[in-house]
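Both complexes below contain chain A, partnered by chain B and then by chain C.
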Partner chain A sequence: MQTRFLRIALFLAAAAVPLVLILVPIGSFLLLSLFRAEKHQIIHDFTLINYVNFLGSWTYLGTFLGTLLLCLEVMALSLILGYPIAWFIWRQRGSRQYLLLLLAVVPLFMSYIVKLYTLRSMLGLNGLINQILLGIGIFQSPSRVLLFNQRAVLMTMAVIYLPFVILPIFLALERIPRSLLHASTDLGAGAWDTFRRVVLPLSLPGTIAGGLFAFVLALGDFITPQMVGGTTGFTIGRVIFSQFGLAYDWPFGAAMASILLATALAGIVAAGYAITRQRV
Partner chain B sequence: MQTLGERRAEIATGILTALVFSVLYAPVLISVLFSLVEIRGGKILWETLSFEPYLTLWSNPSVLAALSNTAIVAVVSVVIASVLAVILALYTEWSGALGRRFLELIIYLPFLLPPIVTGLALLVASAQLGINRGVATIIAGHTVFVLAVAYRLVLTRLQALPPSLVEASFDLGATGWQTLRYVLLPHLASAVTTGAMLSLTLSFDETLISTFVAGDQMTLPLRLWAMMRVGFTPEINALVTLVLLVSIVLSVITAWRLKPTGETEED
Partner chain C sequence: MALELRNITKRYGAVQVLHPTSINVTNGEFLTLLGPSGSGKTTVLRLIGGFTDPSDGSIFFDGINMTRLPANRRPFNTVFQDYALFPHMTVAQNVSYGPLVQRRPPGAAGKLIDETLEIVGLSGLRARYPSQLSGGQKQRVALARAIVCEPKVILLDEPLAALDANLRRQMQLFLKQIQRRIRTTFVFVTHDQDEAITMSDRIVVMNHGRIEQQGSPRDLYYRPRTRFVANFFGDNNLLEGVLVEAQVVETALGRLPISSSHNTPTGRKVFLSIRPESLKLGQGPFSVTAEIEEVMFGGASTRLLLHAEAAPDIKLDMRLPGETRENAPKIGERVSLIYDPLDAVIVEE
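The block that comes next holds the complex of A and B.
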C-alpha cells in the first residue's frame, strides 16, 4: 500500500531536476517581468508597467507585429518549398526514399552559425547568387539588394527551418494507407483529383504542424536577423537580447520574452491540436 | 501505374528538391573548398591547395579551449540527461505516478519553446541565485534541451515493451531492483544509446541557449561565431569543415540507428 506521502516524495524525487532546471527558471523570469528597473537596479515591487510600456510604444509593439508577420511569411515560404519536396520523397521507394529523407534531415544538425555564414556569403555582393544572376543576365552589375534587408532574413530563415517542415509533412503523407489511393483511382478519380481530395486533406494536419514548427523557431531567432538583416532586421528576439546586454533593462526584456513565450505556446498548442486532428 | 500528370509533377518536384538540397548542402561544399584553396576574382587558385589550415588549428589555444568546453559540456549533459530520461520514463509509466501530463509538459518545454526563452530563463534564475555563469550553466542549459529527446526515445521503447515481461519477472520471484536491472534496463539500452547519440549531436551545435548562459566561457559554435565576425580565414573554414564533418557523421549514425522504426526526433 502506498501512502499519499510516499507518492508525493517519489514525485519530487523523480521530478526534482526538471522542476529546478526548467520550471523554476521560467517562473523566475515571468516574475522578473512584473518588477521594474531603475538606473540598472531592479526594484522588487509588483507592477505591470513593463507590459504597459510595451503595448504603449509603437517601436516595440510594431517590431513585435512585424516579427509575427515575418514568421508567418517564413511559415508560408517553407511550406511552399517543403510540401512539394516531402511529396517527392514520399513518391520514391525503398532505399532511395530513405537516402532522400536522410539528406533532408541531416541539415538539421549542421551547425546553425555555419549555415548562417555560408548563406550570408552566398547572398553577398560577390556571392554565388549574384554571380548566377549576373551570368544569366538578370543583373547588369553585382547588387546589394540580396543582403541586409527583410527579404534576406525571410529567405535565410526559410532555408534554415525547411527540414523542420519537410519531416512532419513526410510523416503525415506516409501515414496515408495505400488502399485509400487505390480506392480513389478505382472509383475513377484522376491523379489530380486523388491528390486534391484524398492526399492533401489527409496530410493537412501534419502540414499545418510543420508550418507552425517553422513559425515558432523563427519567432525566437535573434542571430539570423542580425547576421543577414543588418540594421533593418530588427525582430523582437533581437530587441529582447539587447535588453539583457546593452540596454540592461532585464524586467522589460523579461516582459517581452513572456509575450514571446505566450505566442510560442499558442503556436505549439495549435500544432498539437492539428496533429490530433490527423484522421489516419 | 503513373499517368502523364503524375510523371510531370514528379519531375517538377524532383528538380525543386535537387535545387533546395544543393542550397542546404552548400555550406559543406563552400567550407571544404575555401579551407583548401584560395579563391580570387571568381577563380579557384589550385596552386594554393594546402592542408596547412588544418594543422595550424591545433596550435590555436582559444580553439582548443572551446573544443574542450564543448566536449565536457556534451558528455556531461548527455550523461545526466540519459540517466534522467530513464528515471523519468520509468516514473511516468508507473501506474502510481502523480501529475504525469504536467511533468511531460515541463520536460518537453525547453525543446518546444524558442531557445531564447530557455536561455533567458536560465540566465535570470542563475543571476537571482547568484550563480556565476560558466561551464556549469552551459551544462544545465544543454541538459534540459536534450532531455526531451532522450526522454521521448526511452518512453517510446518502454511503452512498446509487453507488460507481461515485467509480470513474468515478478512471477519468477525477482525483486523490483532485479527486474529493473536484468529485464527493463537491457531492453532500454539501445533506446538510451540512440537518445545519447542524438543528444550529443544537438549539444555539439547548440548556439542560442549557450549565448545566454556561457558567461565568459566559449563553446565551439560561440568561438566560431566570434571568429567569423572578424573575417574569414582558411583556418576558420578548416574549423567549420571539421565541425560540419562531426555533425554529419553523428547525425548519419543516429539516423541509421533510428531506421527500423523510421522514427525521428520530431515527435
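The block that comes next holds the complex of A and C.
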C-alpha cells in the first residue's frame, strides 16, 4: 500500500516538472495576452484588443510577415549549406567521419554571444569576408553591405544554426542501408541517379527536421537581429522584446509571442505531416 | 564459356580472404558457391558484381575483360541478401528502376516490366510498398527487379537465408523454375548444403578462401575428395585409417574394402567415407558389429545412431528405409552392418 502510494507520488512529481516548467508559463502567457495595459499597468479584463491591434497595424503585421520570409530564407540557406556538408561527412570512412562530425557540432558547445561576435567581426568593414572579396578583386574598397542589415541577419543565422541542420541530415543519411546504394548501382544507376532517386528521397525526413530546426530557431531569435541587423534588420522577435523591455506593454508582447508560438507549432505540424508522408 | 574468373584474389591489408581462384560458368548454368561463413564465397560474388576490385587476376565475360568495369556498367544483376528494395518506391517502381536509370525506351520497358511481374506472380501487388510485403513477396520483387534488366548473369547472395523453412523450400523450387524459364545464368551463394544440392547444376565448395572441390551435386555427395566436403554435405560416416592396399583401408574396425577408383598412394593416412544410407543391416565377409544407441523415427526413414563393438568410441550413423512394426530396431540391440564397397570412397585430410 505504502509503495503504491510512493509510486503515484513519484509519478506526479516527475510529471509536475514539465507541467510547471512548460505548460504553466505558456498558459500564463496566453492568459496575459488577453489582458491589456494602460500606462504600464495591466488591466485584468478579457479582451482581444491586442490581437486586433496586431493584425490592424501594418507596422507589426509587416514586420511579422517579413520575419517569416526571413526565417524561410534562413531555412533554405542553411539547408543549401548544410546538406552538402552532411553528405560529405557521410561519405567519409572510419575515424575521419567522426572527427568531421565532431567539428561540425563543436559550435553547439560554444557561447552564442561569442559566435555572434566572431561572425560580426568577419562580416565587418575590415573583416575576413571583406578582405577576401577585396583580395580577389570583387570589391574595389571595403564595403558595409555585409553588416547591419537584413542580409547580415540571414547569413549569420544560417551559419549559426548549421549544426542543427547538419546533424539530422547526417543521421538520416546514416540510416540508409548501404545495400540500397549497391542495389542502385547494380541496376545501372550512376552516382547522380543514385543520389537523386535513392539518397535524396530517403534523407528527406532528416532534411525536413533540419530545416524545421533552422526555421523555429530563427523565428524566436531576437539577439542575432539586434547584434548584426542594425536598423533595417528588424524582426518580430525584437519587437516582442521591446514590448517587454522598453514599452512595458506586456499583454501586447504576450499576444505577439502567442502568435509566434502558433506559427512555430504550425511549422512543426506541417513538417511532421511531411515526414510521415515519407515511406521510410 | 560465358563468365570466366582467372586467378582472382582478394586481400584486405595482410588478410588474404580469397586465394587465387579460377571459376568458369557456362551460359544458362545454375552455379552455386557453397561454403561456411568466411570461406570467400560472398567475396567472389562481390567481385563478379563489381562491388570490390580484385587484388589480382581478371574477370572475363564472353571474352571481354570486365575487371575494371564499374558495377553499374556490367551486364550482371544482384539479388541481395536483405533484398535491398527501395522503401520509398512501390513494387512497380522498384521493378522499373533498372530500365529507368538505364534510359531504356519507356514503351518496350513497360511491356517487359508487366511481363516480369507476371512471371514472378506480383501483378496484383504493383502498388504495394515493400513494408506491406511478406518475406517471400519481397524476395520475388528483388528477383523481378534483377530479371527485368535482362542481365547475362544473375547473382544471388544468400537470398533465402531470411525465410522460414517452408517458404524457403517453395522459393527454391520457384527460383529453379524461373531460371529454367528465362535461361539466364545464375550464380548463387549459400551456406546451406541442402539448398545447393537441390538447386544447382554445379557446385563450387569453398573453404578458407579456396576452392575445395567443384562438380555436380551427385559428384560432391557421393565422391567427396576432401574431408571437409565429405563432412559438409549431409551426415556422413568418416572412419580414420591407412590405405594399406589400393582397395583396402585398415581402420579401428578392421580391414574394410573400397571399390571406387582413386589415385592416392598406399600407406597414406585417409578417411573412409560411407553415407548413412549406404550402410545396411546384414552379414558379409567384412561386416561390422555395432550396438544401437539411439533410434530416431523420421517418417520415410528411421535414423539409427550406433557405436562399433570393436571400438566403442567410433559412432556410426545409418538410415533404415520404410520401418515396419515387426522389424523395428530397439535401443541396445546388437546388429551386423555391411555396405557395398562401390559406395565407399576415401578422402584425404
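Keep this in mind: the second predicted complex is superposed on the first by the 258 of 280 C-alpha atoms of A that agree within 3 Å, B and C clash if a C-alpha of one lies under 4 Å from a C-alpha of the other, contacts with A are read in each partner's own complex, and residues count from 1 in each chain.
Quick note on the criterion: a contact is a pair of C-beta atoms (placed from the backbone, for glycine too) under 8 Å apart; a residue touches a chain by one contact, two chains touch by 3 or more.
The structure displayed is predicted, hence computed values, not measured ones.
J.: In this superposed model, does chain C or chain B come into contact with more residues of chain A?
T.: Of chain B and chain C, B contacts more residues of chain A.
J.: Just chain B (first), just chain C (second), both, or neither: which does A:V105 touch?
T.: First partner only.
J.: Does the superposition put A:L133 against chain B (first), chain C (second), both, or neither?
T.: neither
J.: Can A:G190 be said to touch chain B (first), chain C (second), both, or neither?
T.: both
J.: If you stack the two complexes on chain A, which partner ends up touching A:P163: first (chain B), second (chain C), both, or neither?
T.: Touch status of A:P163: first partner only.
J.: Of the partners chain B and chain C, which touch A:V198 in the superposed model: first, second, both, neither?
T.: second
J.: Now for A:I49: first (chain B), second (chain C), both, or neither, which partner does it touch?
T.: neither
J.: Return first, second, both or neither, reflecting whether A:I268 touches chain B, chain C, both chains, or no partner chain.
T.: A:I268 contacts chain B only, not chain C.
J.: Output check: A:I240 vs chain B and chain C. Expected answer is one of first, second, both, neither. What do you get?
T.: Touch status of A:I240: first partner only.
J.: Which partner does A:L180 contact after superposing on A: first (chain B), second (chain C), both, neither?
T.: After superposition on chain A, A:L180 lies in contact with chain C alone.
J.: Let me check the overlay on chain A: which residues of chain A are in contact with chain B and also with chain C?
T.: In chain A, residues 190 are touched by chain B and also by chain C.
J.: Quick check on the complex: what are the chain A residues that touch chain C?
T.: Touching chain C from chain A are residues 177, 179-180, 182-190, 193, 197-198, 201-202, 278-280.
J.: Can you check the complex and tell me which residues of chain A touch chain B?
T.: Those in contact with chain B are residues 2, 7-8, 10-11, 14-15, 17-19, 21-26, 28-29, 32, 81, 84-85, 87-89, 91, 98, 100, 102-115, 117-119, 121-122, 126, 128, 131, 159, 162-164, 167-168, 171, 174, 190-192, 213, 216-217, 219-223, 237, 240-241, 244, 250, 253-254, 257, 260-261, 264-265, 268.
J.: Touching chain A in the complex: which residues of chain B?
T.: Result: residues 3, 5-6, 9-10, 12-14, 16-17, 20-21, 23-28, 30-31, 42, 80, 84, 87-88, 91, 96-99, 103, 106-107, 109-110, 112-118, 120-125, 127-128, 140, 143-144, 147, 201-202, 205, 207-208, 211-212, 221, 224-225, 228, 232, 240, 243-244, 247-248, 250-252, 255, 259, 262, 264, 266 of chain B touch chain A.
J.: Applying the document's contact rule, which stretches of chain C touch chain A when the two form their complex?
T.: 49, 51, 70-73, 76-78, 80-82, 84-88, 97-98, 101-102, 129, 131, 145-146, 149
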